[in-house]
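Per-chain residue numbering starts at 1, and chain names A, B, C and D are given in the order in which the chains are listed.
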Amino acid sequence: MSSVLGNKLKLSVFGESHGAAIGCVIDGMPAGIKLDFDEINREMARRAPGKDKTATARKENDMPHILSGLLNGVTTGAPLAMIIENTNTKSGDYGNLMTVPRPGHSDYPAYVKYGGNNDIRGGGHFSGRLTAPVVFAGSVAKQILKNQGIQIGAHISKIGNVCDCPFDKNNISEDMLAQLAKKSFAVINSSKEQEMRDFVEKARLGGDSAGGVIECAVTGMPAGIGGNMFDTVESRLSAALFGVPAVKGVQFGAGFDFAEMLGSEANDAYEVCNGGVHTLSNHNGGILGGMTNGAPIVFSAVVKPTPSISKPQKSVNLQKMENEMLVVSGRHDPCIVPRAVPVIEAVTAFVLLDLMM
Amino acid sequence: MSSVLGNKLKLSVFGESHGAAIGCVIDGMPAGIKLDFDEINREMARRAPGKDKTATARKENDMPHILSGLLNGVTTGAPLAMIIENTNTKSGDYGNLMTVPRPGHSDYPAYVKYGGNNDIRGGGHFSGRLTAPVVFAGSVAKQILKNQGIQIGAHISKIGNVCDCPFDKNNISEDMLAQLAKKSFAVINSSKEQEMRDFVEKARLGGDSAGGVIECAVTGMPAGIGGNMFDTVESRLSAALFGVPAVKGVQFGAGFDFAEMLGSEANDAYEVCNGGVHTLSNHNGGILGGMTNGAPIVFSAVVKPTPSISKPQKSVNLQKMENEMLVVSGRHDPCIVPRAVPVIEAVTAFVLLDLMM
Amino acid sequence: MSSVLGNKLKLSVFGESHGAAIGCVIDGMPAGIKLDFDEINREMARRAPGKDKTATARKENDMPHILSGLLNGVTTGAPLAMIIENTNTKSGDYGNLMTVPRPGHSDYPAYVKYGGNNDIRGGGHFSGRLTAPVVFAGSVAKQILKNQGIQIGAHISKIGNVCDCPFDKNNISEDMLAQLAKKSFAVINSSKEQEMRDFVEKARLGGDSAGGVIECAVTGMPAGIGGNMFDTVESRLSAALFGVPAVKGVQFGAGFDFAEMLGSEANDAYEVCNGGVHTLSNHNGGILGGMTNGAPIVFSAVVKPTPSISKPQKSVNLQKMENEMLVVSGRHDPCIVPRAVPVIEAVTAFVLLDLMM
Amino acid sequence: MSSVLGNKLKLSVFGESHGAAIGCVIDGMPAGIKLDFDEINREMARRAPGKDKTATARKENDMPHILSGLLNGVTTGAPLAMIIENTNTKSGDYGNLMTVPRPGHSDYPAYVKYGGNNDIRGGGHFSGRLTAPVVFAGSVAKQILKNQGIQIGAHISKIGNVCDCPFDKNNISEDMLAQLAKKSFAVINSSKEQEMRDFVEKARLGGDSAGGVIECAVTGMPAGIGGNMFDTVESRLSAALFGVPAVKGVQFGAGFDFAEMLGSEANDAYEVCNGGVHTLSNHNGGILGGMTNGAPIVFSAVVKPTPSISKPQKSVNLQKMENEMLVVSGRHDPCIVPRAVPVIEAVTAFVLLDLMM
């Protein structure tokens, strides 16, 4: 029952969508790291809503306010605590949800678990807004990893039935990852952007929503990182990725395509290259036996369509225990995938930094 | 760097394929549980090799020998420790692997991580044989869960391009799960068994191997189980599932198919039924917001083709740092999927019991 | 390297003495608990400085500001986050400590550990001020425990060579504990208060400081709580108690006096009483084999004299690496013991609640 | 509820006094460590009973049998698993304890906790015999620490009212620690040995038992090791030390004597010495603010008199719920202190190695 992530580095996330503030504490921070707040703000902006029609028009003030762990812009080694105040909240929109759970949302199981005491306004602690502190923590982690030559980037590989080009798993340049980070709609093949947007817009006009897949890559990881049986790189990453709201599947390398491959197709052969050991392909996504093998880490995560839709839906009135049609009003993202890209990168960065410490 | 799984209940797995013994310790066992050893042995037999041509002809003595935590067949509350002695090991088969890592295996990253000190005979601690203690622990967990009305079952949903019928996610009977557990080749649609076997046999004759997908279901879970952000049911299950050798992807409910669904298709509407709240569909696989919603938990995991193949493969000689062709001899499973079915069930059982405690 | 305490309930404390704010996050909070803020404020006031000459004249605004986890005064089950803003800080007082570590303080090891990046103003994260969020968390825990019939109280059992009457370990009334909580100088034998104050005042006038011992009791604990070997009640409590600044020893029941006792004197005999099992004495402080036995938990913790004294002390200049006399100025507590009483109670409450969950 | 110790390095201890075997698994072992089994056996022998009249005449075969994690005497990086078979057990001696709990023992709380299912023969999992695997693990840890220049040694500082000379806390030689390790009755002042033995023998002849204090020192620890608030060196060590059966108090440096000291007496002044920073005294036992300061770590732990005594004691019959006199027969240690010395050292070594990793 925990909003805490990590072993040596511990991220504790708190807040509720319509509470006083959201934020996080990063315990175990190394001392002496100069943080680049322009970079942090750029990352926060990537996740922020309100930029275009794929996202909610709701504006959020995502400016992180540091409470501790930083002196003159340099980490002190004490826990790094940050809050973001909640300012633009319209609680009235959620008045009827106390009794009628939204299908596809956490409402019903949270009602059972918390005995009706959880703050349901805006999804409470389950709100996607809670990913803002995660992006903050990820941005801090990215800066430390970058100093070690490790770079992380992701793109929208699919929305609806529209696919972007996949990463060339064994040949991913840092430059490509840097370019993707600058895009507000991160696709490799720019011509796919409009197709994806059209798909989302069509869903939105129909009072509906769209899902998609995000593919993420990590370059510069040394070989031999990761643990034994239950502490594999895949275990650590997947546990964190399934903490991102709406993620329902995670696959590494060829992932579910492995089912149709033969061993001779799936194995990544080795060769000596520049005095080091390299793989000739990267079907395993940079991870073998749960450990990094020096090839880029490549995985993808599926994001289900936002459950908040304006179409009427069948639900139940939990007080009266009878069926009731539900119409969800309010401002919602018709497709959360573009905004989830930096969140996926953030948890990846945090987990890998924790593993490297 | 850990072969330890769990929070309140801790499974510590030890052993190496060609060492004196493998085994496990389950710390935090509740006291007063009468264990059914016939049931444990049936589960161990489901995982055991040597039954047919899909698996290695190697015989393993998988008889668990209890060292502590049990008195007159009833758990005492002290750690439950178990060993399985290694008897049938042919170390000679692996003589050349010290210097030439097998593609697709843990060999190379383990070489880097352990500085060449790891026991590479039979894969050492990374051997699939280490799943035997996991099945033991899972069988113990299953017995406790069954007393609480929770049942777990899995089937081979795909091998190569041959698919079994998927679970009807919102309508899974305990009887069906019980029937699957009795099959040495667990498919729902029996007519698919031979097709799958043919696919594997063809791979085997070609000196190759096959992969597949396992679908697993859990019935009887109460709603409201599972944690906040980073301690979701999906996080816990996936972390354990990626600890099963060769698993490279995990998806819950509709999984990667969510990408092409609209919100109105993906949401599971509610209705009142027999005085309780039920979902009309189960695309979310029984989990919303990281918590159980009372519907069956349904997920699938992809198992990559066994990396041990007899076809010659490109590799490198780590001593000479030059390219070298590798031919792996010895007895190997052309397809590990059928034997992985009880392992997937086992980690699922262990994780859920830990969550319920 | 962690300011995180607890297993199922996790307390993450953050802040630095002269930073923007201090605070904490309690992850894993049960939902539906109505918090009594009058009670919380009373507890905060017990710890607050500035009340008399035994403590620093520095005023601190210890008003906790809740950020999340509470709705209409009732816990929501989401992480309970709280901050206290730092307002009254005089950074100038500490200017010279960057280079000359104060003997008896964390300064020197922190300088080595954090490479000189830690915030040394006011002790930074090592400041006694960080016990304010701990008292907040403890007050929350106490309220939940009280609903279960468990009460915690402590007194100053010794300052310098002046001793208070010890608890009658096997006969501690809730009323006595309640009376102690109302005293700003918590002694059982009121006549000892002035003697203790005189001892402290004499030390203060001499530019020196005094230490002491705090004895703590817990009534109402059921028998059979606590864990096996390394998860004993004593292990859990001591680990948290040694997290309270200046605590240098912890003993349960007869503690170090056990060395001179015979087994027949140390054993607590049993008798049947009111249909239950009771001990005739309580030398073991309510804990046997690491588990509670139903008798009150009784332990004591020694608090060393505050290292901040105005007498000149030998130290070293870390920049020049040469010896240098140090005179510490600023406002300091000549005796921290009275203010440490609610802190000792607080960590005790938090640990026991975590154990009971 | 855990017999698991450690964070990065995890020790899982299992076994019951009269079960098939006891043992442990050390997860997270570094690879490439050559273990000296002569040294391990010497350490095991220090703990073994049957050497003289202060201990039980019961002989135990404490030969550790390695199951995994070691190849050609060198650690592989896989979990290091070890068992010791139980051979010399007389279960008949304990027949009556099922219903009448021994005062001072874990019997009654364990009965409550485990609902009467725990193995009470010989104390079951609570038996002092379970410290044998702990000594094994400690011996492994000591060897690794020694390679880093860290040495651990302890002596009997008190039995009954007879005191040994204490360590000169700021001046402890490795040679002295090495000498102590060779003694079966570890005292600094040899003339005290006979006095202590006389005290124990007198207790034994009276059907009684004696307790004592063990003082332990660690030399060679670098400064700056240890964590923030709740992860101090004292927290980690005390948590493990209270896992040693019969330990009821732990104090660091001057410990409870701090209560009577003034700040000017308690503070350890600094001086520059050989280009480094040294303390002129070591009242703080090498730990400040929870971190090492480079001085020797010095602490002591009190061991209560063995609760197993042959004198008749008042107890209760848990079946009939009526008072009943109890006479404990069987072979018991009149004083466990001498045998506890290597156990105290062992947990210290394990904790410090875990902290250093």
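Structure notes:
In this text, a residue touches a chain if its C-beta (ideal position, glycine included) is under 8 Å from a C-beta of that chain, and two chains touch if they have at least 3 such contacts.
What you see is a predicted model, and the numbers here were worked out from it, not measured in a lab.
Looking at subunit C and subunit D, the chains in contact with each of them are A, B. Comparing the CA-atom centres of all chains against that of subunit D, the greatest distance is found for A.
The distance from the centre of subunit A to the centre of subunit D, each centre being the mean of the chain's C-alpha atoms, comes to 46 Å.
The distance from the centre of subunit B to the centre of subunit D, with each centre set as the mean of the Cα atoms, comes to 39 Å.
Subunit A and subunit B have centres, each the mean of its CA atoms, that are 27 Å apart. Each of the following residues of subunit A touches two or more other chains: 1-4, 8, 13, 27, 78-79, 110, 113, 125, 228.
Interface of subunit B with subunit C (complex): residues 7-8, 27, 78-79, 228. Contact residues of subunit B toward subunit D in the complex are 1-4, 8, 10, 12-16, 19-23, 25, 27-28, 31-32, 65-69, 71, 74-81, 83, 110, 113-115, 117-119, 124-125.
For subunit B in complex with subunit A, the residues that touch the partner chain are 1-5, 11, 13, 101, 103-113, 125-126, 130, 158-161, 203, 206-213, 222-232, 234-236, 238-240, 242-243, 245, 247-256, 258-272, 275, 277, 279-280, 284-285, 288-294, 302-309, 311, 313-316, 318, 321-323.
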